[in-house]
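Note that subunit A is present in both complexes that follow, paired respectively with subunit B and with subunit C.
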Partner chain A sequence: MSETLLQPGGILALGAGVAWGAFALPDSGVSPEAISLQKSFKEYASHLEVSESLFGDKAQLISHLNELCAECSEDDWDGYGAEAVSDTVLLCAETFIRALPDGIAMPEISAEPDGQISFDWLPTKTKTFTLSVGSSDRLAYAWIDGSNRGHAVDLFEGDQLPPRVLGELQRILS
Partner chain B sequence: MPLPSGLPETVADDEPISRFMTSKSSHCNTTAVKQGAFLPNPKDGRLSVARHGADPIEESERMAKEDYKLEKAFGVALIQAKEIRKVELDFEADDTPLRHADVVGWPWREDDREFGKAERKEKAAALAQKAERITF
Partner chain C sequence: MQSSEKNGKAFHLDNPPIVEAIVGIECELPPRLTLAALEERAVESLKGTYPKLQKKMMHQFQIRKDGGGAPEHTFKNEALEALLLRSEDEKQLTQFRRTGYSFNRLAPYPDEGMDAFFHEIQRTWENYCQIAEPIRIRKIGLRMINRLGLPLGAGGSLELDEYLEAGPQMPKLDDRKLSFSGFLNQYQVADQDSTQRANVILANQGVKDGKLTVLLDIEAFDPQPTDSLDWPYVSSVLTSLRGLKNDLFRKTITPSCLKLFSNPAES
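For the complex of A and B:
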């Protein structure tokens, strides 16, 4: 909630809510315009709550990502000689989180021995989707669905997930 | 000829194999082993494991911390050797430290590093699904 309120739109939304609440108490509107306005505000408030909830999940994941990268910021963080997670990889991973579409379950995140960040979805014991984000714009990923499994690489341009990644992920999560 | 530990040089299919877990966020969650626990070291392309089960678990902990010098170890991802061979990987047992082996045969592609990574992730994810998470 607090992070949403720090956004320009959030401040505006809070302002609109306060203003609306000041002069439009429940059942006090008598004109058709007031009723229409009240209905519009309720719809807007409902949409805002959904947006806040989704942003909250992503904000929480980004916060976890920062903690993870701090833990793995030096070589040999695992005792087996793993490479440190760089600031560049951290930024790429954050970009990936922001590009996750609404409605997709949030993944678990891990650091990998080559200093990349793994996004893991483990919906059941027999289903896995795992994707690595490094400093390149190509995403390596793999999936297991019962006895079927595979792997691929796709280009990530930073604003949205590649269609094939999204398709495989949605299939695993369905 | 047996190795100093008394184990044969060739790892048997029914041997229990332990991968010591050293990162609570990257090697497992509260119930399952993650693929990250089974990804090989990028420097030598090998996955370090112990030819040992988890019974008694106190001996696993001693091995991890004293023999293998893994101070952060908090548990093992336990798997049977045959599961590792099912994904077309194999073992090189060197017994240094005692009962140590490397899982070898991981795909690496200098011409397409990301594709090699995707191949390794698939194998590691398959191993993670078969592994049992046991904490000290």
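For the complex of A and C:
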């Protein structure tokens, strides 16, 4: 027997997704009670995201992201053969924005020719941190700090930034 | 039966309130691995015990509105989130998830408690490792969802403190008498002597048959990444997490509450 299970916990609504941070609620439960708890926490997160002070900057960036992705949703959006930004990439980029910790300056965003979204922090002329979000759970990032530079790839679990990414980003922004 | 091994303290419940027990092992998987590619082998390997396959999909629903135009809705079936392999009676299942492995047991919970499943968890975990070939473990978790039916007193009221030792609190006002009409209480604790942590959730679910239903969801977990995938290591972590989970359970509720599950006639 095979069937597709469509349950509330399995639906991701763009614009109303949830990042739990340190309080991530696992979605591995299947009992009605587990699904009910998941629903309660989604409602609570949506409630938080209505707050301008708690979520205003992120809401603005997500809105800008949606505009950008709409402009780049077809192949060749730059006239030079660029790949379209897919709905999956949009979803991943939105999840990344939700996972940014409070106190981190909002980045500039742009679409890349390979269909990924680039997040750029340029705090000074000599410091840069740039990170790409694609459709996988890997984050590729690079930084320049004066004459020092580096790059790496880290796994992104969806609720919190990987410690190494956060550490480098905070160092560049400090 | 639920039992806690830590410090030799054990306790027994004739009628445990557990509605679901979940062992979840989050893994780092090979970068290009897809669940779809594993489906055939996963189904074939477990068809004897878990003949029913369900697929949990990640769906995207998007509403986009440009200027004064009508909102544009798109619904796209995007990706496979998990393969759920259920037993014939659908009370037990094992999952190949996009982010790891799970073993779920739904009520009724057997008298032997988790001991009754350890061998099966080992078997399905080792099967998962053979098929999915995880690179390493990112987190091991043990979660129990309990449904507590707390009997209401005269007039349909209830003193939560009578049943919950570590329940929700509210400020006491001088000129107003307040009572809870709902709560969703969550906190996370870290064991200062180890890498283990726990998420504890208390949520009310309304009144039914003269009882207030409260869900007590405890997930004890170890977020320490490890390259060790072997069962003795996983088993030792699970045993330790079980002790933490049981201790939290006992200290969250009061002896009066515990009594509800010790005497079948009352629960």
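Simple rule for what comes next: the second predicted complex is superposed on the first by the 122 of 174 C-alpha atoms of A that agree within 3 Å, B and C clash if a C-alpha of one lies under 4 Å from a C-alpha of the other, contacts with A are read in each partner's own complex, and residues count from 1 in each chain.
One rule holds in what follows: a contact is a pair of C-beta atoms (placed from the backbone, for glycine too) under 8 Å apart; a residue touches a chain by one contact, two chains touch by 3 or more.
Keep in mind that this is a model prediction, so the values were computed, not measured.
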Exercise for the section: Give one of first, second, both or neither to describe whether A:142 is in contact with subunit B, with subunit C, with both, or with none. Expected result: first
Exercise for the section: Pick one for A:70: touches subunit B only (first), subunit C only (second), both, or neither. Expected result: second
Problem - Contacts of A:31 with subunit B and subunit C, given as first, second, both or neither - result: second
Practice task
Based on the superposed arrangement, let me know which partner A:79 touches: subunit B (first), subunit C (second), both, or neither?
Solution key: first
Exercise for the section: Identify the partner contact of A:166: answer first if only subunit B is touched, second if only subunit C is, both if each is, neither if none is. Expected result: neither
Practice task
Give one of first, second, both or neither to describe whether A:62 is in contact with subunit B, with subunit C, with both, or with none.
Solution key: neither
Exercise for the section: Name the contact category of A:106: first (subunit B only), second (subunit C only), both, or neither. Expected result: neither
Exercise for the section: Show which residues of subunit A both subunit B and subunit C reach, each in its own complex. Expected result: 136, 138
Handout entry: Footprint of subunit A on subunit B - complex, ascending
Key = 22-23, 25-27, 29, 32, 34-36, 39-44, 48, 69-73, 112-115, 117-119, 121-122, 125-126, 128-129
Completion exercise
Residue set of subunit A touching subunit C in the complex reads 1-7, 10-15, 22-23, 25-26, 28-31, 33-34, 36-37, 40-41, 44, 66, 70, 87-88, 91, 136, 138, 155, 157
Completion exercise
In the complex, the residues of subunit C that touch subunit A are 19-20, 22, 24, 26, 28, 31, 51-64, 66, 74, 76, 78-79, 81, 84, 93, 95, 97, 99, 102, 104, 106-107, 138, 141, 143, 145, 147, 184, 186, 188, 199, 201, 203, 205, 215, 217, 219
Exercise for the section: Could you please specify the touching residues of subunit A with respect to subunit B in the complex? Expected result: 68, 71-72, 77-83, 108-114, 116, 118, 120, 122, 125-126, 128, 130, 132, 134, 136, 138-144, 149-153
